[in-house]
Amino acid sequence: MGKLFDVVLLFLILLSIVLVMLESVREIDAKYHEILYIGEWIITIFFTIEYVARIITVKKPRAYIFSFYGIIDFLSTIPLYLSFLFAGSSFLLSVRALRLLRVFRILKLARYIGEATKLRKALISSRAKILVFLFAVLVIAVIAGTLMYIIEGPENGFKSIPISVYWCIVTLTTVGFGDIAPVTPLGQLLATVIMILGYGIIAVPTGIVSAEYTKKMDQQDVLGENYIHVNTQACLHCGAQKHRDDAKYCHKCGEELNPKNHIET
Amino acid sequence: MGKLFDVVLLFLILLSIVLVMLESVREIDAKYHEILYIGEWIITIFFTIEYVARIITVKKPRAYIFSFYGIIDFLSTIPLYLSFLFAGSSFLLSVRALRLLRVFRILKLARYIGEATKLRKALISSRAKILVFLFAVLVIAVIAGTLMYIIEGPENGFKSIPISVYWCIVTLTTVGFGDIAPVTPLGQLLATVIMILGYGIIAVPTGIVSAEYTKKMDQQDVLGENYIHVNTQACLHCGAQKHRDDAKYCHKCGEELNPKNHIET
Amino acid sequence: MGKLFDVVLLFLILLSIVLVMLESVREIDAKYHEILYIGEWIITIFFTIEYVARIITVKKPRAYIFSFYGIIDFLSTIPLYLSFLFAGSSFLLSVRALRLLRVFRILKLARYIGEATKLRKALISSRAKILVFLFAVLVIAVIAGTLMYIIEGPENGFKSIPISVYWCIVTLTTVGFGDIAPVTPLGQLLATVIMILGYGIIAVPTGIVSAEYTKKMDQQDVLGENYIHVNTQACLHCGAQKHRDDAKYCHKCGEELNPKNHIET
Amino acid sequence: MGKLFDVVLLFLILLSIVLVMLESVREIDAKYHEILYIGEWIITIFFTIEYVARIITVKKPRAYIFSFYGIIDFLSTIPLYLSFLFAGSSFLLSVRALRLLRVFRILKLARYIGEATKLRKALISSRAKILVFLFAVLVIAVIAGTLMYIIEGPENGFKSIPISVYWCIVTLTTVGFGDIAPVTPLGQLLATVIMILGYGIIAVPTGIVSAEYTKKMDQQDVLGENYIHVNTQACLHCGAQKHRDDAKYCHKCGEELNPKNHIET
């Protein structure tokens, strides 16, 4: 029963996203406005029920209402109702925009995939490295962007430093829209350097992730036979530590490790 | 004999593809129409023979006829014959289009390469991870696309959410056609985030595939025939170690390795 | 106290960069010129104090003054003062440009991140390989660029060999601005080869970095404190193995491990 | 002496390339034509001497003359001399083009770098996999290109199948010039699939190269202590094989392995 509900909810979330998308396409909206409107109603009603049900069933209603999903659920449900109260077309548009928030409901789907959590963990564990990588990209972008601004200047599309920095990131990430492109030889030379840099930098996150994956590998595989776990107990006779877990005698002085267990040595 | 046929078939599949391609180039078609037409005839006849032969020889003709390749073979062979029955130029064009299906015959070539199967297996084994990766890309694209649509709007080329989502994937995959590009500062800022995200995401599939490859790399492959696992038991007579796991006698002094088998050492 | 200063300095460096950036945006500069001007003054004064303080406190003032950072600190601080001496607007522009050097101060931030040094080391250790990679990219770019120049020629945007080489690097690095694109079939064929080459080459730096990372992954890191290397020598008394490398006595029976030290066993 | 010559040769090869490049830039050629002309003369004379010297010194002159480098050396040296015989400007241009062949002389520099050979070996060893990868890319490009041609058609820039295939490779390799871009929704949907495919495929060569690098790692590292090299000699008594290289006795029957060395057992 609960599963069926989840599946229906899943389906409706996806449907609502498709509807919001299609409605944004002028041609489709013109043709099938009625169908979209009816679909909109069905979804709105369902989401309303779900929202109310959630508040009732949930242990801490307040916590939910003011949570990220709570606010999204609320804001993405009311528009249709508001559209009755206020018929101001100009106001309606901004209200309809709220429905786009429904898109964030997709994130709810994430919990349905086990792998996702693994992926998130992997990313979190390599958080520090990724930050350094981002920092490097930004520093290079700021410096190179400033230089490009000086070299190329506003007349060649590099209107301001922020835009030059934006262009640098477009280039470093090898996206290269081409809406802005260097014209002067010196600018093209610097662009070449930036490109090769970006080309090289791309190796870094890849290497990091690969490394993370390798780490995840079972330790024992890495160790092989000649490594063994040692504990931190100390020999009462000579104080030596790091004995094998199954050690009976101190590897240093030959004394027994746990005299208590024996009546006589 | 069968091999020769395969090679000829292979050659003709490639030739037919080249012919279909060249015919689509207006200039070439205008010049060498006769040659292309004759080539077309030779191939059509050959494929007809092959098709008929296949139906006759194959155990389950019906299974073949209604199989993926069976339908392609049929549809990609008839056009020339149909072009006699119906001389309606408008109809002919749509008929000729069918010949493009021949392109799918290339897939037949795949079976000639051993590595291909390995590759397929590797991809299948990392199916789950790839799906998560695709899901992540799509979710990011949908959310970012919606935001870009709100920020930039139709006036800057982001005509609808689907197009914005399309643009996001173009950007996330670092393709960056540049037919659509953000103009507003806020849009460019979001674009920057999307780009760096895409730049980072690219590391994930790479890491996955690398991991798969490493897994596939069986130790024995690395070792080769001349390496063998040895255990760490010692000969109680001479203390020599690293005997084969199946060793009964010490390789150094020739004594038996298991004292149990002896009354006295 | 010293830390507070560092934090403030850090904040001001970032602020100064933001200010220089915003000032380069015509609209913003027109509106908030006063605020930017005041901010400029605060920063200039602070940097002046820092610069003077540094000279006084530093052991070798001369060394600092003529160091990379020393020169940047000086040049990026004086502009505002110079703007009083010389009020020549044309000259002022070039003077203001000096302030952009402040961007290089970001590099000072690098020292605040531990990971950064690791990254630098990794890059340095794979220096030789990266050079080969760069050499390969450049050679391919020069040869392919020359060929593209011959094939496409100036009329299709490939004005000169340097520009063709620039285009080749744009293509090899998969940036693809699209400001220049091949038009002739032969040019597009060569472009295809270049693209696939570039697509393949990208694997090389990634592989190198991954390898470096793996190397850097010291076993002990993986093991942690509780693992220790054990050798395969056996106790001649009880035959127990896997003793610590520095073990003098058998951890099982307490007998000494080296018979030499004994007259009789 | 020989080394000095090599260095000078190296320098002149690079210089000649720079000269050919600069000469292709109209502005520079107009200004510094004399300097370029003189430089051209110096290089031509030097290369002539080198070419003659090579023929004299080399063991098999004929082999060299008709070798790849031999032909390049010859063709890239004569133009200037020919320019005297034939003063036909139109003919001269095509003759000058020959000088561009000098670019291939860069490849000679490759032999000065040790790493290069390693890289080449790595590429050769993963030849088969790379071919499969290329085959996959081409098949996808041909099929997707044909579909794009049907969907978008000549009116949207996809003039012919070859051009559509070219566009597909531009997209698969994430270069994305943007000179051609899908306009129809269906075309953009297919483009999205192609992009994500290309984005995923990029992982394959990377994984392959990484795997190759890992293989290159010293075997012993992979093996660890518990693996040991065994030879293929057989015990004359029981025929058992795979004995340790230092084995004196058969691990199976305890007989000596080389009776010859002994008078009595």
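Which chain is which? They are A, B, C and D, in the order written, and residues in each are numbered from 1.
Quick note on the criterion: a residue touches a chain if its C-beta (ideal position, glycine included) is under 8 Å from a C-beta of that chain, and two chains touch if they have at least 3 such contacts.
If you're wondering where the values come from, they're calculated on a predicted model, not measured in any experiment.
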Intersection of the contact lists for chain A and chain D:
B, C
What chain lies farthest away from chain A once each centre is taken as the mean of the Cα atoms?
D
Tell me whether chain A and chain B, two copies of the same sequence, contact each other through the same residue numbers or different ones, using over half shared as the line for same.
different
Chain centre separation (chain B, chain C; CA means) in Å:
36
Could you grab the centroid distance between chain A and chain B? Build each centroid from C-alpha atoms only and quote it in angstrom.
28
Distance from the CA centroid of chain B to that of chain D, rounded to the nearest Å?
24
For chain B, write out the residues touching at least two other chains, lowest number first.
133, 162, 174-178, 202, 206, 208, 210, 214, 232, 242
So that we know how the chains sit together, what is the shape of their touch graph: line, ring, star, complete or other?
complete
Residue set of chain D touching chain C in the complex reads 17, 20-22, 24-26, 97, 100, 103-104, 106-107, 109-110, 113, 115-116, 119, 130, 133-134, 137, 162-163, 166, 169-170, 172-179, 202, 205-206, 208-210, 212-214, 225
For the chain A and chain D complex, residues of the former touching the latter:
174-178, 206, 210, 224-226
Listed in rising order, the residues of chain C that touch chain D in the complex are 128-129, 131-133, 135-136, 139, 142-143, 146, 149-150, 159-162, 165, 171, 174-178, 181, 185, 188-189, 191-192, 195-196, 198-200, 202-204, 206-208, 210-211, 214, 232
